[in-house]
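Shared between the two complexes below is subunit A, which has subunit B as its partner in the first and subunit C in the second.
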Partner chain A sequence: MPDCHNGQAPERPTDDQDEIDPTQAPAVSSPPVRQLFSVPTPIKRIFDRFPLVIYPPNELPTRLAPHARCNRLFVFLDIAGARQRKPSFNPQCLRWQAYLKFVGIDFELVPSTNHASPSGALPYLLPAPSVESPLPIPAHKLQKWAIEQVHCEEEQQISVRFDVYASLLDHRIRNAWLYQLYLDNDNFNAVARRLYVNFATSSTIVRAALAIQLQQAARDELRKYSDYIDVNDLEAEAGNAFEALSILLGSATYFFDRGKPGFFDASVFAYTHLILEENMMWKHNRLGQLLRRHENLVQHRERILEDYFGNR
Partner chain B sequence: MSSSLSSSDDDIFERLQKGPDKKVLEERQHAVNERVHAIYEKAQARLAELIDQNSTLPCTVSKIEILNASHTRTGFLERIFSPLLSAHRDKPYTLSEALQEVSARADGLSRFDIFHEPISIFLDKPSDSSALPTDINVYLSVKEKSRILLKTGTDLGNAEGSAYGNLLWRNIFGGAESLNLNASLGTRTRSAYQVAFETPILSDPDFRWEIGGIASSTQKTWASHEEVLKGGWTKLRWMNGSGHRHEVGYHGFWRQLTGLLEASPTVREDAGDSVKSSIFHTWINDRRDNPLLPSRGFYAKTQNELAGLGPLKGDVSFWKSELETQAAIPVPIPGIKGDSGVSFTTGFRAGLLYPLNLDARPRLQPSRINDRFVLGGPTDVRGFRLCGLGPHEGSDAVGGDVYAAGGANILMPLPRIGAGKPLRFQAFVNGGRLLALRNPQTGNNQEVKDAMLSTISELGRGLPSITAGVGLVYAHQVARFELNFSLPLVLRKGEEGRKGLQLGIGISFL
Partner chain C sequence: MLELHVWGPAFFLPSIDPQCLATIAYFVQAVPKEAWVLVASSDPSLSPTNELPALKNGETWVSRFRNIVDYLWQYSNGEWGLDRSLDGLEKADKAAFSAFIEAKGQPLLDLSFYVSSQNYYGKISPAYGTILQWPNQWIIPPKLRNAAKARTEHLGLSSLDLQAIEEQRSREHSAAVAAGKIPKNLIQRPQDTVSSLLGKTPQQNKFKLDALTAEFFEPLQELLGHKTYFLSDKCPSTLDCLALGYLSLSYIPDLPYPWLRESLQTKAPRLVLYVEGMRRKCFGLVGVSDSFSPSPNTSLLPWRPPEGVTISRIGSTLVNTLADATPILRDIRMNNRLQEVAKSSDSGLSPQEKRAISSFAEARKLDTYISVATAITIVGAFFGYMFHEGLIVAKSDVDKERGGEAEVALNIEDII
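Now for the complex of A and B:
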């Protein structure tokens, strides 16, 4: 009987004969054992007649909208925001959201959580189901995927300084951001709790537990860089980083003097937008004060917002 | 000559080494047994005669003393035994009534699991001069079980290996309260820590209250994720006179679906945190002669759960209902007197998960994977991989909202081994369907109801997914073992039937 009868989960009849238990398969399926237990051909032929009847598959349960026909980017965002294609409130997600828009890949936004991601962190992308079951693409493989899709250039090769400037964002600005969002208690209660914690569950006890976990994770992350957390130090470093970025951008429209925004612009925008965005409702916005000193960075953010996010 | 001598010498040694003839031994043992039995019977008869002669003797119980119960609270014991005292009764006893009552209470006492069995009962005439002539004193001699029991061990179950440690603290406050601490580490249940406190209410062994908490992390390989669970429960358990067991309680669980390396999109949709806050009721009526290898009788169990109600509303709201039945009848074989050991067993299970909108959310919340049913495996619908029935996305069993499953087995004793041993040959046919609720578009009540009705009617469309097979069943005291050879007859595409051998270990089979 042809293989197609075994459906989506291919099953080899010979395997089934020699294993006692489904989850103990690896131990017994080595070649010599298989030969020892292999079934004589006439009996195998009888076995292959089973199952006698095969019906079409059962319908799948769906919680969200029926599975879309287009690419879906899973990000931190509320449901209404996703429908209106608003920017995500998480810098990592917003970076990729912006980048995919820049290179012209169409996608739908789906609110999600870190637990859903194959890498344990959002965002990840589920490509349009051109094949039977597409594999999710975690953030670190997204650029490669995007380049394959639309054959855009890989900016990292444009400038040797790319990595140096990227590390400004990934360390100095990110660390100051982590402090401002998670460890400044007023901000945490007004911003992070509302966006990250309350979205996860409606239970007060679980929210409290998640909030503690979240703050602890931020603290642990900052302790990787220094033994104690010095606010002034973090803010000064971020100030320096903004200045360096401002000088790099100069009077150009986009970074590295390109005609259209690219990966680096997306990375900068992910932070500058969220720092300057009023809807974030910061209680203390020291990063905002530092950033506003550099008019070209503020304009860079507004330009992208208008051109790619439909002016809010 | 010499050779024949030596051979007869060997013979002697051989015979000496052999010891007495087996037959002689058996006869001797038989005679001893018979004699012991005769003595015992005589003693019994004498006692019965004595009691019988005096059974209508009026008596009053003036005092009940429980000896050696040093850790048990007096108040707790008083509640059990004080109703027996004649001072608290308006009717006098006859001797046989008094004996019956006392032994019934002593039985109850042994069910608290704080005393060693048997509990000895003594009657005595008070020597006190002020005592009435009808007065008797009752003495119960008990031996308390050790209050701390520590157990460690390893378990091998259905494709799962684990090591566990268990601490049982009995009779904590002298009222048969117990605290049970359990920790286990395993291959599928990665870790589980559980604590439960249980106490009888009003000194009634059939009426108990329990409160507990759990923190566990379980690998759910059939749907490529790990579920981290933290929560607690409280419940009342009681049993009425005719053997109906009930449980009513509350569950509050924080579930976290995580570790989705290669999960399908449907599983990913449900990843993350959710809180289930539910009240539940369980009813069990077990009238089988042997729960693990029934040859006659029936079993019925219903479970109902209502989640998302009240102040602790949680993230999910649904009504979940499950029914489980089993019936067994012995099959008489012409030519064999008495019980042939051949029996016919049927089982039926069904379940329903009905989404509710209890807090007026704009949209109704369809079910999550950790609330949905799964079906298939060596202990329910045999011949399927674990959770191999129902909707599958890729290799993930994503579960369903409605199911029905049934099976029929015939159990036969093996030749030469006989019906006395708990070993049987079985032939079975079983099947079932597990369906997801068709997603209602807007989720108003009428639409959900229609979707549910259409899903239920879908259960009967076409043949259910069926497998058949033969195997061996061994009923150990603690679990039933089955080794079956099965072939799938009817399947849905994506369902994972098994051709070949399957080992099942469990206490509840279809």
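Now for the complex of A and C:
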């Protein structure tokens, strides 16, 4: 049916009256199938006029101009925290925040939400305009970018255990973290709601929707691997993971016996700091109990906090 | 007597599922043969957590590889443990490599078995057909396939599914037919996948697959070195069981599009030798008939035939499937399942954990009610609007406007 009207199509929006007139109805005598679910006239009129107007993109707000000389890292953080260069409260953001500090790249923190990110996820970095590429750099390309900037080492090459032990963090500990932060209801109300939901908007309805979305996303992530979320299993796996990391660190100052902290230290610190941080105000902190059994991991976190985040 | 319930045999291996294979390997190496039986029940609804592998001891059910290993350790007072002799770093390696194998091996098997449509329709779906009973053979494989697709979505390799590509092409075609009527900026561009950037043949996926397989096989081969087992020369550990589960399914099945097997052969020849040796030792050659009519002399494994299928079992499967496919009912059932676990007295949970689970289930119940209320409101508003516009009542009015509207309705369907 669409074929036989191609010729008429461009004229349709200009003359609405024609179509209501039964004499102008299409010559094809199709049975009246679409009575109930056909599009109501007012909606049809709106669609006829699409696109209504296309505006040019907005200018960037002028208040952003003074910052533009510096690299800017967009993270989950409150405004006061950003000014004092505090650690972000999101493990992914904190990992990159710490890593960029370790390799010595200067940047400014900008509090943001994932709705603002081009890839839909935080963190991302907007390089200073003097640097060649003004495009935002998403998290998974940040390490490559940092290596190009300051010619630091690509640490994945140090040891075969780098990627292997990283899967402890990215799966075992992350899953337990998702449960503890989003699905434990007391924690969700005390921690996640305060940090992620209330910060993002002041509208009650949007807050409620956002909270449901967050919990649902965490639940979906955990249910990818099994129908049934086994809390004991998640916690036991996280406990084993901390134990393995503690053995890997041993009595060394930083992981893989390096003189200064690197990407792996940043990944570990991102979780250990947030689990042990008192300002998070956990209601139930099972991960904290498991982590405190390993003194060297606790000291590792304190060392980095003092040396790189000015012990705040 | 311990009963180990698993997914049934396929490709001359005792199970089609890596976790089940790992559990069987553990039993063979740690538990005396007269203390356990292996049941290829292939029906996850037997176990209260809806998962296989599941171990049944009297009234107690334990599911998942790691839980079963822990349970055996406690049940036998440490006698049936494989990891007794591990020292510090070996213990850490065991934990880290286990996490690594599950994290990297599962997506590769998902891609090879379920996402690659040639393999799925050519071998995997028929293999499930021989081990499952009616009506499960029509219900379970598509369910597993959808779960596998969801797990591997982030890898951007959905183009391995040639059938889905074909469907998308026909959708694009019908969209293009209507394109004369839709303003350009409303037509959605199809998402770029790796293969649509490079061309459309499956060989073009090789670059990405190569990187993924190398990431998985190379560290394992390096850990194995020239030892007999992953962690020591003398005795196997739970890590060996897990590795055998995932590697044997990567290597042994003879699939129409054998990229996983080929890359294991070229990238990690020592792992191939390891898999062949371990398989001979733990499983032998297993045919599907072994599990249903076992003959004790030929098989290494203590098979026991699964219980025959009954009318009531079929009925309950059908009802469960229907209920799980209905959006709101599914959520309610999910909550009940969680609460049952929390309430049952012998579930082995501490009071605090029980409280956590039931509060979680309560929260989910609230979510469900909210979604019920939302659905009712929206449907109500929709019908209200239709009455208001007179779309439902007056037939003659609708006839009058039909001409133009039928056309627009078609266009809107194309947009969606």
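In this text, the second predicted complex is superposed on the first by the 243 of 312 C-alpha atoms of A that agree within 3 Å, B and C clash if a C-alpha of one lies under 4 Å from a C-alpha of the other, contacts with A are read in each partner's own complex, and residues count from 1 in each chain.
FYI, a contact is a pair of C-beta atoms (placed from the backbone, for glycine too) under 8 Å apart; a residue touches a chain by one contact, two chains touch by 3 or more.
Only a predicted model underlies this, so the values are computations on that prediction, with no experimental measurement involved.
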item	value
Dominant toucher of subunit A (residue count), subunit B or subunit C	C
Which superposed partner A:Asp230 touches (first subunit B, second subunit C, both, neither)	second
First (subunit B), second (subunit C), both or neither touched by A:Tyr55	first
First (subunit B), second (subunit C), both or neither touched by A:Leu168	second
Partner chain(s) touched by A:Phe47 [first = subunit B, second = subunit C, both, neither]	both
Partner chain(s) touched by A:Ser203 [first = subunit B, second = subunit C, both, neither]	first
First, second, both or neither for A:Pro118, with subunit B first and subunit C second	first
First (subunit B), second (subunit C), both or neither touched by A:Ala80	neither
Contact residues common to both interfaces of subunit A (with subunit B and with subunit C)	9, 19-20, 22, 24, 47, 50-51, 54
Residue numbers on subunit B that touch subunit A, as the complex places them	158-159, 221, 254, 256-266, 268-275, 277, 312-315, 365-368, 372, 385-386, 390-395, 398-401, 434-439, 462-463, 487-503
Partner subunit B, residues of subunit A touching it in the complex	7-9, 11, 13, 16-24, 47, 50-64, 66-67, 74, 112-118, 126, 133, 136, 200-203, 205-206, 209-210
Touching residues (chain side subunit C, partner subunit A) in the complex	49-51, 64, 66-67, 70, 88-89, 91-93, 95-97, 99-100, 102-104, 106, 147, 150-151, 177-178, 180-181, 183, 185-186, 215, 218-219, 222-223, 337-338, 341, 349, 353, 356-357, 359-360, 363, 367, 370, 385-386, 389, 391-392, 395, 398-412
Touch list for subunit A against partner subunit C, complex	1-3, 5-6, 9, 19-20, 22, 24-26, 30, 32-41, 44, 47-48, 50-51, 54, 160-161, 163-165, 167-168, 170-172, 183-186, 212, 215-216, 224-233, 236-237, 240-241, 243-245, 247-248, 284
